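One chain, chain A, appears in both complexes that follow, with chain B as partner in the first and chain C in the second.
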Partner chain A sequence: MTELEAGRAQTLVPARGGTALRRYRDVLIALIAFAVLASLPLFTGSKALLDFVIRCSAYGLFATSLNLLVGYTGLTSFGHGMFFGLGAYSFGLIMQKLGVPIPIAFVATLAITAMVAAVIGAICVRLKEIYFAFVTLAFQMLIHSTILSWASFTGGDQGLRGGIPRPAFLGIDLSNHVHLYVTSCALLILGLLAMRQIAQSPFGYTLRMIRDNAARASFLGIDVWRAKLTVFVLAALFASMGGMVMALFVSGAYPEFAYWTISGEAIFINMLGGVSTFLGPMVGTVLLLLLNDTVTRFTEYHGIVLGVVILFFALGLRKGLLDFVAEWYAYRRDAGEGR
Partner chain B sequence: MDLDALAGCLASSACLVTQTTSGLIIGMLLFLVAVGLTLIFGVLKVVNFSHGAFYMFGAYFAMTAYQLTGSFALAMLAGAAGTAILGLIFERVFMSRVYGADVLMQLLVCYAFVLIFDDVVRIIWGPEFKAMGMPSAFQVMPLFIAGGVVPPYYLLLIGVALVAAIVLGIGLSRSRIGKVIRAAANNPGMVSALGINTGLIYGGVFALGGMLAGLAGALAAPVRSLTPGMGFSVLIESFIVTVIGGMGSILGALIGALLLGLIRSFGSLGFPLFTEGLMYLFMVIVLVSKPTGLFGKEAA
Partner chain C sequence: MTRTRTPGISRRSTLALMGAGAMTFAAPWVARAQAKTIKIGMPTILSGRVAQLGTSSRNAVMLEVEKVNAAGGLAGRQIEMVIRDSKGQPQEAARVARELVNTDGCELLIDAEASSGAFAVHEVARDLGVFCIHTNSETSALTADPKQHIPNAFRTARQGVHDSIVGGSYAAAIAKAKGLKKWATCSPDYAYGRDTTAEFTLYLKRFAPEVEIISESWPKLFQPDYTEVVTKILQAKPQALYSCLWGGDLTSYIDQANIYAMFGQMEVFAVNMADYTALTVVKNLPKGIHSGNRYIKTFPATPENAAWGDAYKAKYNEYPTNWSWENATAIMLMAEAAKKANSADGKKIAEALKGLTIKCPFGADGTVTMRGDDHTLVGYAIGWGTTIPQEPYVPEVKAGDWKTIFELEAEWKKSKGYT
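So, the complex of A and B:
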């Protein structure tokens, strides 16, 4: 058993009695987090800071949704970025071509994503580990090539230009920077809360069981294929949400959103933050974006710096930052109890 | 889509020959890269995500050696030997630390080196496109076969790759070292208990894989433009090759590479914009109908 697997096994603690209390605790934390984030524009006029949080929202939703697959179910998807790109493009195209209100485009994009993910997932989830990774990668590149070659519809390698119209709805005007910021934060918090609920639900524990021992789960009467497909579609929905936040932010969609590197970044984010805790990917997102922003400011060779940092995490810590902190905390607590 | 062009080409022998040879050289270069990948996966159980970097270094080493010495043979040697040494160091110092670790960890180490190697090339050789130029020995009239144009260099390229395929195939199945390598792939613990240094085998296999990719890069240097990041598309394509052919199978890598090369060269006529898409589509179809690839063994 590798260290990572050992760490995972420890997370499989049966839910204790106070599940209801824990659920309200999560909601409470979410409310506080949203209040803090939403009140940020009152204290600072820094557009750069708000932009940073919006980007964190987009990538955070995307990376956390990948963790539902990688960390909770043990499905290493290499093509998760396709749903990020799909979300951005579907949303942008619906807004540009049909001119419907934003909430309708939002729901329609989720519906499209769900359908595409169901088809792709049905093909992919029965494959084993490395093959699953590569077929998802192939589907991602298929979508990327389609975007590039269907230039009359998607704008080809130029991307979806001309801006995405952002008509006001329900008193929310997304062309206003602060409104966009607060909406992104709300989507992030709601998305995280929903994913947390999924992870802590009986279904979430079923996923952990499939990850640890799929054969046993199947003996116990669980339809493994269906559970994997369900989580594949669910994760795609949240990735698509991240893509939509990104499309709203840059007011467009670009082929890079569907390129494989975006999946690579999401995997890297997950490793950076850690996959054994729910908030690990969120921490990873903030770290990677900070790292990207600072490094690109100081050197044009940011590949080297980024590479060395990755090596430090992969060979030095051998786990994500939040995994490391969580283990250190557990160690300290055990030491404190005099064990 | 331009199906008329494709049909027109299939009807003319000249076009058929030209497209087939260009498909074959794409396929042969891909084979050299992919066979290293599949070898490393078969023995070390590691997916070398940084394999494209060896192809890139092979091309740059060859270009520099050619500019310094003016000898084509020395350029090929520099490309192959340089990447072999690089592969050995890379495996012993870095990759050997993540054997048995989570797949994600191995991928991360490789991903880190993809980023680092691309920047190293950018620092040493500069970010702009470079060209090695066709060696003077091959600047002769192209051959005409059934009306199709075939540059002699293409024949050399196909020949070298074929020789490599045969030597590898026979070497692995017949020679003592080949048997040790296959034994190490099956049961490294037992091989090690028999007094064979498995670390050396692992390093050697990685160096061999790196060397083959470097040779492919060196062979490609006269006909392709050199740029940092050039290894990447080759890497993705050779992944498709290994997955189509079956991970760990040399014959599979050969067949997969040739199929992919032909799809590329003929697909670029019929579907000029969707050539890449065709390859992924093909991979999906193969994997869905036979998840272990065409020549892959059933997963244990």
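So, the complex of A and C:
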């Protein structure tokens, strides 16, 4: 290094450090979040809490991936649950029938999901709004019916029976509750981080432009169809990851995982948490599961309670919780600055 | 406008937060208050289309638990039931079952889930090693398949293959006597409907080889309109019809088929007819429908069974269901096993339960047995009879022969590769 270069480097360092910090802020947050979650079992022996976080991981990945479509691209999919179910079934079947190591089954499931999503997406993303929503729903019902009728392979409406074998790999034994918990947390954090990267990348901003004005994006030289298809496949991959976590949690896969109600739950989660912030669906997941778990403890009329909550969010707040908080925060900040 | 103060958390929110906080801290105390009692967790379906499965299971369990508690409890410990709704979703069933054991401190489980939910709870029992009795799943594979077998899980529900053997032999005898050769089937389009119909026709043809199935209909589960199915069957002109529709589906089907006077034109074998949920709901119950017994207080025709049915009716103002006797039997067996083991510990109860025979109002000969090798209930009352439009609805039930059942069941297991 010459003196000149050394001098320049010195002046550049702080600036580079600043951008680096900003660039790696998400990674840092992810690391901290993972450290906090992973150290939970050290402080509490509550298996219920660990179960809760595992389920949050499954639904969180699933709901956040739907937000890539709904919130970022403006594609309201009613059939996103098919990839949740597909993930659970592919993973379960590969483990049961082939007995390969878990990481291989994991990657193979993602590959299968990508292929199926590419085919379904190629047909669906040409359509807009309600047509898109209903064709995705139709494909979901197709997959659900296939699971039901192909009983010799999928177990039909009784689901995949006999448990999913979980041979240990790299010192990780997923039949151990804590190992499963830490692995779920890791998958959740990695998944969220990857989705965050997608959302913040130039591609992510392309998606926002397509959402706001697809014609304009097209005139700027963006292949709208290709961008939509790409995000459709990416979202399917993360939904499939969620399905795999759920399959590991219940040690099986059931047709309900691919039924339209599961897509409905994801949409509801997005409504609860909000679609304009990245973490909205995650907040929604925690809210819905918390609500579900507490309400079902006390009453079998949980439908009424959930209905009231939906009404409160739809008519009262008119947006998701995190959207509301974000706006409120912005309002307070502006008020503080005297604007 | 200038604000004189920045609004913080309002008084109402503060109160709400304090309330929520107090609840959070109080809950474990309430839960821990009665440590000497033994908690039995029960995930079941209490909402939606088949909520009656859960409510009638719960009723029967509570009826029996009261008796056990009055007699001193489970090895001296009073039973406290924790019953929770799974909404019929397997992932919820698994979650609820885990929560009951891990959070609520339930030491034993009664799994009153149907179909896929039962398999989900079975995996929880496998994982946690907790004692578990399946009370509502009739799927044969749950206990017959050795892959499913775990030492801590049992079943007190009837088993699909038992029903098919008895139904097939009963129907074959009538087919021979009346010369019924052309048969049609009409069953709900899901695993239970498909499997049960296949097994029934298997045994029907085995006992009456000349029988021929000329028409099959598979209406969807919970289908509201059966017109097309009814007309299809009428056009095929079969001499007999088999159906394993159940509950509301069966009653709608009968009401709609009555319009076409279907029941005068063929012999009808509806395995799930003789259950009060169907018998009391049908508008014009046709005379002479052949049915298997689900629960009926006149079969077995013993004072014990009649008394049990009446006690249930007196307490809940409705008749018990098939699910009721299955759940009541679970509590009876647990109580006897705990007495035998002199302990309420799950492992010891499981050990004592193997091969245990108890006196029971629902037994074919006044007793039922928990078979030791596959952990499923045998010896329960099983038979077929014909309906009349008023009580007792099925006056004479021809009892199935358990010796034949055992022989054919063993053969069936072999054919499935289970033994």
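Here, the second predicted complex is superposed on the first by the 318 of 339 C-alpha atoms of A that agree within 3 Å, B and C clash if a C-alpha of one lies under 4 Å from a C-alpha of the other, contacts with A are read in each partner's own complex, and residues count from 1 in each chain.
Here is the rule we use: a residue touches a chain if its C-beta (ideal position, glycine included) is under 8 Å from a C-beta of that chain, and two chains touch if they have at least 3 such contacts.
Since this is a predicted model, take the numbers as computed values, not measurements.
Participant: Examine A:L190 and indicate which partner it touches, taking first as chain B and second as chain C; both and neither are also allowed.
Facilitator: neither
Participant: With both complexes overlaid on chain A, does A:G307 touch chain B (first), chain C (second), both or neither?
Facilitator: A:G307 sits against chain B, while chain C stays out of touch.
Participant: Could you let me know whether more residues of chain A are touched by chain B or by chain C?
Facilitator: Counting residues of chain A touched by each partner, the higher count goes to B.
Participant: Touch check for A:L148: first (chain B), second (chain C), both, or neither?
Facilitator: Both chain B and chain C are touched by A:L148.
Participant: Which holds for A:V100: it touches chain B only (first), chain C only (second), both, or neither?
Facilitator: neither
Participant: On the A-aligned overlay, A:E129 touches which partner chain: chain B = first, chain C = second, or both, or neither?
Facilitator: first
Participant: For A:Y254, is the partner it touches chain B (first), chain C (second), both, or none of the two (neither)?
Facilitator: So A:Y254 only meets chain C here.
Participant: Of the two partner chains, chain B (first) and chain C (second), which one does A:I172 touch, if any: first, second, both, or neither?
Facilitator: So A:I172 meets neither chain B nor chain C here.
Participant: Could you tell me if A:D293 is touching chain B, chain C, both of them or neither one (first, second, both, neither)?
Facilitator: second
Participant: Identify the partner contact of A:A48: answer first if only chain B is touched, second if only chain C is, both if each is, neither if none is.
Facilitator: The second partner, chain C, only.
Participant: Could you tell me which stretches of chain A are touched by chain B in one complex and by chain C in the other?
Facilitator: After superposing on chain A, chain A residues 148, 151, 301-303 contact both chain B and chain C.
Participant: Looking at the complex, which residues from chain B come into contact with chain A?
Facilitator: 47, 94, 97-98, 100-105, 107-109, 111-116, 118-120, 122-123, 236, 239-240, 243, 247, 271, 273-274, 276-277, 280-281, 283-284, 287-288, 291-292, 299
Participant: In the complex of these two chains, what residues of chain C are touching chain A?
Facilitator: By the definition above, chain C touches chain A via 46-47, 54, 84-85, 87, 89-92, 94-96, 98-99, 102-103, 115-116, 119-120, 123, 126-127, 139, 141, 145, 147-148, 190-191, 194.
Participant: Would you mind writing out the residues of chain A in touch with chain B in their complex?
Facilitator: 2-5, 70, 76, 123, 126-131, 133-135, 137-139, 141-142, 145-146, 148-149, 151, 260, 264, 267-268, 270-271, 275, 301-304, 306-308, 310-311, 313-315, 318
Participant: Once bound in the complex, which stretches of chain A touch chain C?
Facilitator: 46-48, 51, 55, 148, 151, 156-159, 161-163, 175, 246, 249-252, 254-257, 293, 296-297, 300-303
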